[in-house]
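The letters A, B, C and D name the chains in turn, as written, and every chain counts its residues from 1.
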Amino acid sequence: MKKVHPDATDALAGLLRDGMTVMCGGFGLCGIPDALIEAVRASGVKGLTVVSNNAGIDGVGLGKLLETRQVARMISSYVGENREFARQFLAGELEIEFNPQGTLAERIRAGGAGVPAFFTKTGVGTKVAEGKEVREFDGEQYVMERSLFADLAIVHAHTGDTEGNLRYRKTARNFNPMMATAARVTVAEVENLVAPGTIDADDIHTPGIFIKRIVHVPAGEKRIEQRTVRKRAEAAPAGAGGGPV
Amino acid sequence: MKKVHPDATDALAGLLRDGMTVMCGGFGLCGIPDALIEAVRASGVKGLTVVSNNAGIDGVGLGKLLETRQVARMISSYVGENREFARQFLAGELEIEFNPQGTLAERIRAGGAGVPAFFTKTGVGTKVAEGKEVREFDGEQYVMERSLFADLAIVHAHTGDTEGNLRYRKTARNFNPMMATAARVTVAEVENLVAPGTIDADDIHTPGIFIKRIVHVPAGEKRIEQRTVRKRAEAAPAGAGGGPV
Amino acid sequence: MAWTRDEMAARAARELQDGFYVNLGIGIPTLVSNFIPEGMSVQLQSENGMLGMGPFPYEGEEDADLINAGKQTITALPTTSYFSSADSFGMIRGGHINLSILGAMQVAENGDLANWMIPGKMVKGMGGAMDLVAGVKRVVVVMEHVAKNKDGSESAKLLKACDLPLTGTRVVDMVITDLGVFTIDKRGEGGMRLIELAEGVTEADIRARTEADYTVALA
Amino acid sequence: MAWTRDEMAARAARELQDGFYVNLGIGIPTLVSNFIPEGMSVQLQSENGMLGMGPFPYEGEEDADLINAGKQTITALPTTSYFSSADSFGMIRGGHINLSILGAMQVAENGDLANWMIPGKMVKGMGGAMDLVAGVKRVVVVMEHVAKNKDGSESAKLLKACDLPLTGTRVVDMVITDLGVFTIDKRGEGGMRLIELAEGVTEADIRARTEADYTVALA
């Protein structure tokens, strides 16, 4: 039972079809499965519904699939760092469903965990609750949200073993763990591919059961969306919490 | 802002009152907060509702609180490794609410995550669904379950830092991480207490935000409920999956 | 003649496939791990928060922090991962486990299952059984064909309808007993079919000890 | 005279308490981290999956895998932990964050907040704002007192009722503007109260630039 594929194209072979729903991990450009996105682009598949917190920037990440008009609909919490996105949206060529970020994360988590619907107070009394059931529990109003489940999820991890056990790095974790659980097939690209047992069993973020295919994509230069720095001379801000208490 | 307390009694000071609801981590005797249970016993608090997957065994774990008749009601998935439990239950001195184990885990997780209710297919058509809303989603029946939130949660971790960041060991993780999130106050006992930064930030299972008080309880001998072994001569079972694939 | 416990476990092991993730219940189902064919990758899930369950430890190497859902000491494998009970049952309820093999008190011809309580007796609880049968794609029951009563008489366990409180409705796909193997069309109207007989067991033996209606479709 | 952006951030920092876990929005709220009193432990949460957010990195030490919710490069601290977006918003929605400080387009006297869309303009989405205002115990808005229009005129932002689409209903506890500080009784009928004036600002200045009704309760 081999999960490891030689390249991203091979890892997606037979999984892509027009009009399918694809979940794509990442927050901004952080932790996005860039090689798999590139392979989706190269495949020419179209009419995709893409579930992703953001939509990349022009020419990077999901921006690549927007350029080629492969995306028909996005389910996201925040977009528009992307001129091509704005153009297509304003021209009515692209549909978008906005979800509050936490609702989006929880809908995906629920989809993977066999929970078809749940209640949240997020969005009560706003456009987000329109057309949805609102119910009172213990004197508070909550809106019912449905789970999300995709045909395919593509995720990015820092380290994976050949069994599919994954480990993410820093804030590149974000939406990847839930998406890995919420699709018929999940394909992971990993910066480092190791033998089973290399990652401590207590340190595995995503158990291999959720990963059907893996491809090793050594990290190239990662794009940074907002490069913010402080000068060497400058002292660290007084607080920001640090240090033992 | 000091979270570390010198002993279990001090860590619970001011938090206990008769009739309160307490969540208690662990599965069987694995990963139970034994020192904190002992301190609850010593406090003499009574009429407790205890949310715990199991109820310990005679004289060990929650068995201690049963002996002293401090528990009025249990919310559990499996009990009865415990003669005293059976006696009190059959005598009508102890109430019990059985939850399917996954429903129990999810009710607790929901309580900590601000989800007041969710739907699950577990228990549809059984006693568990009696009196609860059953609803169809996409042609399947689901039962609505409410979240659980306690006055106090007591949990056990292998390692904790003074900030409250926790890390569990092997299957001693079980219910501890969700319970840590689902109470007004969570108190953790840790086998090893370290300085912040000692546990890799990617390896923290429970972020310190959930932990209000910590007590260092170096591991003594841990009790084993079912000691099962194989003989040295005996080969490992053929399968059980092992090894690289 | 009938199958031994080991033979029943060996028959259940034939339901395994390479790459499967499987949850085994307590009792005979646990024995199935001894019959996983060489070279086949099967990862065992333990619902208390572990994938990749290994065999029992050597004496003296027991670890109180490493137990299975039956609270028995076990070992880890290179493939092992640990996770919380919420994540474990997310995995189960979400349909990610390929196969659940478990014991039963009663199974009905429509796939209903009872295995957690007997009214009037001390109830220990359902543990994870209701989640497993509701969430796992394929459910195989391994059990004795009949129950032996204290007075020496026998009661059928394969019934038209369960009379014990249910663990799940229309959840069982296959029943392996000491006498043979049945499939159940739990989603449709195909009912129960007898597909195999244990060595030395006749269809008449089974008919006499089965209350449920079933069709015969022996290979 | 009115408060500068830094003075507004400094005023917001006075809402911090030792041991608080705080989420800071983009813009002026981000500046609040510069005014955390020495010796006070305040952990900053970034909703993309981090607790214990440190300052911007030194040039050349940026890490593409370490960004905040504004997608800016940041650093970690000894207290830092990372987690998934689902866990992050579980933390937010579950009421575990003590304080959320964020910007706004409009705030109504009952605590309604609008800060995510202007009909007719390109909508970028609400990101995590709706979850934060619904889930965090205490919500402090920091914003300019009025909006400056292209033609040089001003529009009130503290209103009887928001006319922009809402981010949340009855969610704001306090509003800090360049002119002063208001509290809002978001759960009750106490309405909005003016409790502080910026240096050199008079109550009449505020009255003239505020549409909302409020009572005056200056210390």
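The definition used in the following text is that a residue touches a chain if its C-beta (ideal position, glycine included) is under 8 Å from a C-beta of that chain, and two chains touch if they have at least 3 such contacts.
None of the values given here were measured: they were computed from a predicted structure.
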{"item": "Chain whose average C-alpha position is farthest from chain A's own", "value": "C"}
{"item": "B-D compared against A-D, more contacting pairs", "value": "A-D"}
{"item": "Centre-of-Cα separation between chain B and chain A, whole angstrom", "value": "31"}
{"item": "Separation of mean Cα positions, chain D and chain B [Å, integer]", "value": "36"}
{"item": "Averaged-CA centre spacing for the pair chain D and chain A, given as whole angstrom", "value": "27"}
{"item": "Intercentroid distance (Cα basis), chain D paired with chain C, Å", "value": "55"}
{"item": "Overlap residues in chain A, where contacts from two or more other chains coincide", "value": "1, 106, 109, 113-115, 120-121, 163, 168-170, 173, 195-196, 201-202, 205, 243-245"}
{"item": "Where chain C touches two or more other chains at once, by residue number", "value": "41, 43, 52, 76-79, 82-83, 89-90, 92-93, 135"}
{"item": "Chains grouped in pairs wherever the two touch, ordered by label", "value": "A-B, A-C, A-D, B-C, B-D"}
{"item": "Residue ranges of chain C in contact with chain A within the complex", "value": "18-19, 21, 41, 43, 45, 51-52, 76-83, 89-97, 135"}
{"item": "Residue numbers on chain A that touch chain D, as the complex places them", "value": "27-31, 53, 76-81, 86, 89-90, 98, 100-106, 108-109, 120-128, 158, 168-178, 205, 222-232, 236-245"}
{"item": "Complex contact set, residues of chain B against chain D", "value": "1, 109, 111-115, 161, 163, 165, 181, 195-197, 201-202, 204, 207-210"}
{"item": "Complex contacts: residues of chain B adjacent to chain A", "value": "1-3, 106, 110, 113-121, 137-138, 140, 142, 146, 162-163, 167-170, 173, 195-197, 201-203, 243-245"}
{"item": "Chain D - residues contacting chain A, complex", "value": "33-38, 40-44, 46-50, 52-59, 61-68, 70-74, 76-79, 82-86, 88-90, 92-93, 112, 122-131, 134-135, 165-169"}
